[in-house]
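What follows is a pair of complexes built around chain A, which joins chain B in one and chain C in the other.
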Partner chain A sequence: MIIDVTVNGVQRHLKSRSGDRLVDMLRKELRLSSLNADCLQGRCGKCLVFMDGRIVHSCLIPAFKARGGTILTFEEIAKNPEVNDIEKAFHATHTQPCPFCHTAKTMVIFDLLSRVPLPSEEDIVEALDMVSCPCGDPIGLIQTVKLAAELRNKRKFNREA
Partner chain B sequence: MILAQDLPTYSLSTCFKEGIPVFASEQISYRGEALGLILGPDPGSCDELAASARVDCDEEEPEREWESFSSSQIVFHYSAEYGDLDAKFDAASIELKEVYRNGIFDHHYSEPVGALAQWEASKLSVHCATQWPDDLRRHLADVLTVPESDIVVYPTEMGRTLDGKLWYPSLVAAQAAAAAKISGKPVRILYTREEDFLHTTKQARSAVSIRSGSDDQGRLLALDIVILINIGAYNPLASELIYQAVSAITGIYSCPAIRIEAYAIRSNTIPLGAMGSIGATHAFFAIEAHMNNLAQRYAKHPAEIKALNMLKKGQSVFGAPGLSNDIPFARIHRELEQISDYPRKYASYELVKKRDPGCREGIVRGIALTLGYQTGRSFSLQSGGNVYSVEVTLDRDLRLRIKTQAAIGSEPLKTMWRKTAAEILSIQEDHIDFLLPENTHSLPSGPMTLSRGSSLIHALIEKTCRSIQKKRFRESLPISAKARTRPLKTQAVPENLFPGAQLFDSVSWCGTAVEVEIDTLTGIPIPLAVWMVIDAGKIVNQQTALASLRASALSALALCTANDFDPLEAGRKDYMADSGLRMLQLPRIEIEFIEPDRNTAARGIGELPFITIPAAFYSALTQALGLDPRQLPLKGGEILRLLEGS
Partner chain C sequence: MKLSEVFYPQDVEEILGLIRKNPDILLMAGGTGIVGSQPSRTIQLPEQVASIAKVQELRKTIRTEQFLEMGACTTFTGILSLAPASLPDPLGAVIKSIGNRALRNIATIGGNLCSRSRFLDLWPFLSCMDAQVEFRSPSGTRWASVGHLCGEDNRPLIPPGSLLSRLRIPHYNYDFVYYRKLGNSLYPTADSAMFVCMANIVRDKVEDFRLVFSGEKAFRLKDKEMSVSGRKTNTPKREIRGLVAEYKKSFEEMELFDSRPFAALLEDVFGRLFL
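And now, the complex of A and B:
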């Protein structure tokens, strides 16, 4: 079947089979390398995309559910200046994620900070629970998010967190 | 389709007599072993072809039993004896014999294994996530009968490998390279997470039997130890596993008479490898659990029994050179007690247990302390296993190129090295690039295993950068400087010393406390907090060290709380269920370093959580349960049954 969907701002007509997951379709048809179909159980987070504004595990979404929807992947999100803040925070706190989960962690933090500019520790832990990768130091990651929020607020509103 | 008979050589040369087959031919040794490769233009076509393939084979009874093994199953055997064992056992007031078992663990490293191989005329290039490019190149040369100089290995940037990428990538790369040669096209093999989980290496299963004889005070007089390590169908690091386990089995304790028999046993399960802390985890868990048992037998506090038996300055085991300094037990213990509130918690949990032995009401908690160590020693990981090299070049545009085999290391480590180099040379950090040496085949290098080597590489980078800084304003750019480590030789090894003897050279000491609570509904043990006090000389970058230790601590805890991997029953559903602790379940982790700024050589620390946490976790679990299950991990159901039984 053909699925009409807007991916990263471009209207697409993507081929899909009935049992395909959204992640399979995006990887196969558009060769989006930021996505990984790893655990296929919505746990590892390496397939995170924004679907109609909400962050979702694309391995848990049937491809046909995306019909008429809007998908944003890391390729598009990376153009935002917020991602620079997150990168700087990763660097400053020595918590750079591995290449395998880098995009996933960035997406989760990006989503959290766009919803909650000054997240509490509970907010951060809940958000980061979407990604599971043994590469990083989770306690360091909490500091990363706090610093990223600080950098973002400083840049956006010229004020400290 | 490519099968074993299409290859010039059938197997990777290893410590096994017959080697490890690249493809199974006459016999399939485990479920998931590769029989051949089906090549196609894309994964979909390969799936269709595979669906139409048929495999005819005769079924034989698989060899799964390993605790009572036959002589044909022994891959590596080691035995050593020191002192008059029989006489010491005769003199002992209390004899205690227990068997401690470790299950199969999956470390859940970041990315599944894979390789991409491409031939250009007679030159082969291989992209592969490997911790040991040198080993990979050697095996490829062997299997394909081509000179090593014609093979270029590009290790891909990796996540945390947890030692899961030591030798298995060599096998996958050999399959891809052979297929690329035969088909004349580039070949990529990439395991799905499920395939990787079900069919690649896991941490070996072990059973350690300890019989101890001790005097009326609880002082050890004799230890009779049998270590069995089930290595599955293949494990080229079987001897290393055994040596590491043997060298760690006496822990930090002194004993005048010891006999050790250690066996690496083969069975028809997936290859069970040498993961984080390579064998030492099994040994530390066993000896610490035994010391706790001993303490119970004498009705003493575990710390009392441990302090009584601890090695003192000048003492050693197996006639190795004596300890040059006392083990900093008292200091580490004191600091740990302070930060963890151990004495109060231990006493109150003991009281709760006495009042409610069946744990039918109230809190089921336990807390335990353990002391362990990490050395930089490897016994058989190829000659040159401890040799690292660095070549640094400062170019005219003030870009710094650092060539080292550690370029495959993790990004936080590289950030730390960048910072050091940038500070010495006053250049920008983003002007520093890490590259692999082009001709790595000229330098035999060992595997990059966890944190082993990172402190050495740091020292080399510091040295070479300082050397460039000295010449910088006297000579024209570019300026290069090289340095390499010498194989570790800090103490003379006596000729008659058995190979697995612990020399306590370049030792990092670590005390760990773990607090555990048991969910009374499910029986699942929940780690509440981990405290670590580390004496590892100079800590080059505390932030990086803390980040690395916290990540390792969580991986080590995940090993204690995961289910035992069952090679016959495991399926995809089991993967994520055991893939580590979720953010929402994170325990508190506190780490302190003892004098991290003192001017001593930096030592490895990355394996300390794998060595000490399982032992401490188990001891805390036994306190919580008031029982000694003598195995790890324990499923919730098993714990509930134990509680019911009590």
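And now, the complex of A and C:
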């Protein structure tokens, strides 16, 4: 079947079978390298995308459910200045994620800051729960997100001023 | 690979038309339960599937003085975005404890209640809260108590060939709410279960006592609940021990679960309710 869906701002007609997962359709048809399918259970976060404005695990979604929808992947999200803030915060707090979860952590922090400009620790922990990382420093990451929020708000405020 | 036919009904009438033609069609809202429980790369689906998550009628939320009504395709995130005051206690906290945010963005309340393989997290709460669900089928519409979505074999009983369209939760907060989740995985395992107890304390008496333990099967005894309701909170310890023993005995006789965790939780509940 053909799935009509807007991916990263471009209207696409993607080939899929009824049992395909969204992550597989996006990888196969569009070769989006930011996406990976690892756990297939909504744990690792390597398949996170924004679907109709909400962050979701694309491994948990049958491809056919994306019909008529809007998908944003890291390739598009990375163009936002917010991602630069997040990168700077990773560096400053020495919490640079490994290549396996870098995209996923950036996506969840991006999602959090666009919903909650000044997140509490509880908000941060809730957001980071979307990415399983057995090796990272959870306390350090909380500082990272707080700093990213600060940089973002400062940049936005300065621009508006 | 067996391919399925996928439909995109626009409204409830179209869904009912599809059910009329094929009562076994799979109605998929979020689909997290169906997809997440399959380890294979390709998702196994029945011959026909209807994607119903975007049907607007199934996503409406209405709040009246008596109840909160939600369309079955309301996502958990959608529920959490309601004003906290419109959510009866402890629904918000329970929903927040399910999965992670990305999962809650797609999982729906209808999907949680329509699981045929086991009772998921919300059923015991909604059962205690006397919530009602609307089922629509080609032959008509009927309301049922959430508690009745349990068959004589104590397993989930979802009427075949019907659509769970709405959920109604009375605005009623209990003075005493106690719950414990057994098992801590993202997806339930054979040992996962939920223990829920609610009651009111009115003039030193325990009223409206209700207690549900559910996992793959469900345990709830209305006659025992009635024998607890109406008792003074300072009922003599000996009597309370007798009640607990009776409850435990009934539980063991039904052979639904390992009785040890249940017994411990039961004692904890009674220890808190009766001084």
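Some observations on this one:
Note that the second predicted complex is superposed on the first by the 156 of 161 C-alpha atoms of A that agree within 3 Å, B and C clash if a C-alpha of one lies under 4 Å from a C-alpha of the other, contacts with A are read in each partner's own complex, and residues count from 1 in each chain.
As a convention for this text, a contact is a pair of C-beta atoms (placed from the backbone, for glycine too) under 8 Å apart; a residue touches a chain by one contact, two chains touch by 3 or more.
No experiment lies behind these values; they were computed from the predicted model shown.
Superposition of the two complexes onto chain A shows chain B and chain C fitting side by side, with no clash. Legend: residue contacts after superposition of the two complexes on their common chain; A:24 is shown touching chain C, with no touch to chain B. Of the two partner chains placed by the overlay, only chain B lies in contact with A:96; chain C stays clear of it.
Remark: in the superposition on chain A the angle formed at chain A by the CA centres of chain B and chain C amounts to 90 degrees, rounded in steps of 10. By the touch criterion defined above, A:88 lies against neither chain B nor chain C after alignment on the C-alpha atoms of chain A.
Look at A:67: by the touch rule set out above, it reaches chain C but stays clear of chain B. Contacts of A:135 after superposition: chain B is touched, whereas chain C is not reached.
Of the two partner chains placed around the shared chain by superposition, chain B and chain C are both touched by A:126.
Once the two complexes are overlaid on the shared chain, A:40 sits against chain B and chain C alike.
In the superposed model, A:12 makes contact with neither chain B nor chain C. In the superposed model, A:1 makes contact with chain C only, not with chain B. Distance between chain B and chain C in the overlay is 5 Å (nearest C-alpha pair, rounded to whole angstrom). Judged by the document's definition of touching, chain A residues 37, 40-41, 43, 126, 129 lie at the interface with chain B and also at the interface with chain C.
On chain B, the positions that touch chain A within their shared complex are 107-112, 157-160, 162, 192-194, 410-412, 415-416, 541, 543-544, 546-548, 550-551, 554-555, 558, 572, 575-576, 579-580, 582-584, 586, 589. Residues of chain A that touch chain B in their complex: 37-41, 43-44, 91, 93-101, 125-126, 128-129, 132-140. Across the complex, chain C is touched by residues 1, 17-21, 24, 37, 40-43, 45, 48, 54-57, 59-62, 64-65, 67-68, 111, 126-127, 129-130 of chain A.
On the chain C side of its complex with chain A, the touching residues are 1, 3-6, 8, 28, 31-32, 35-36, 38-39, 41-45, 49, 51, 53-54, 77, 96, 99-103, 105-106, 186-187.
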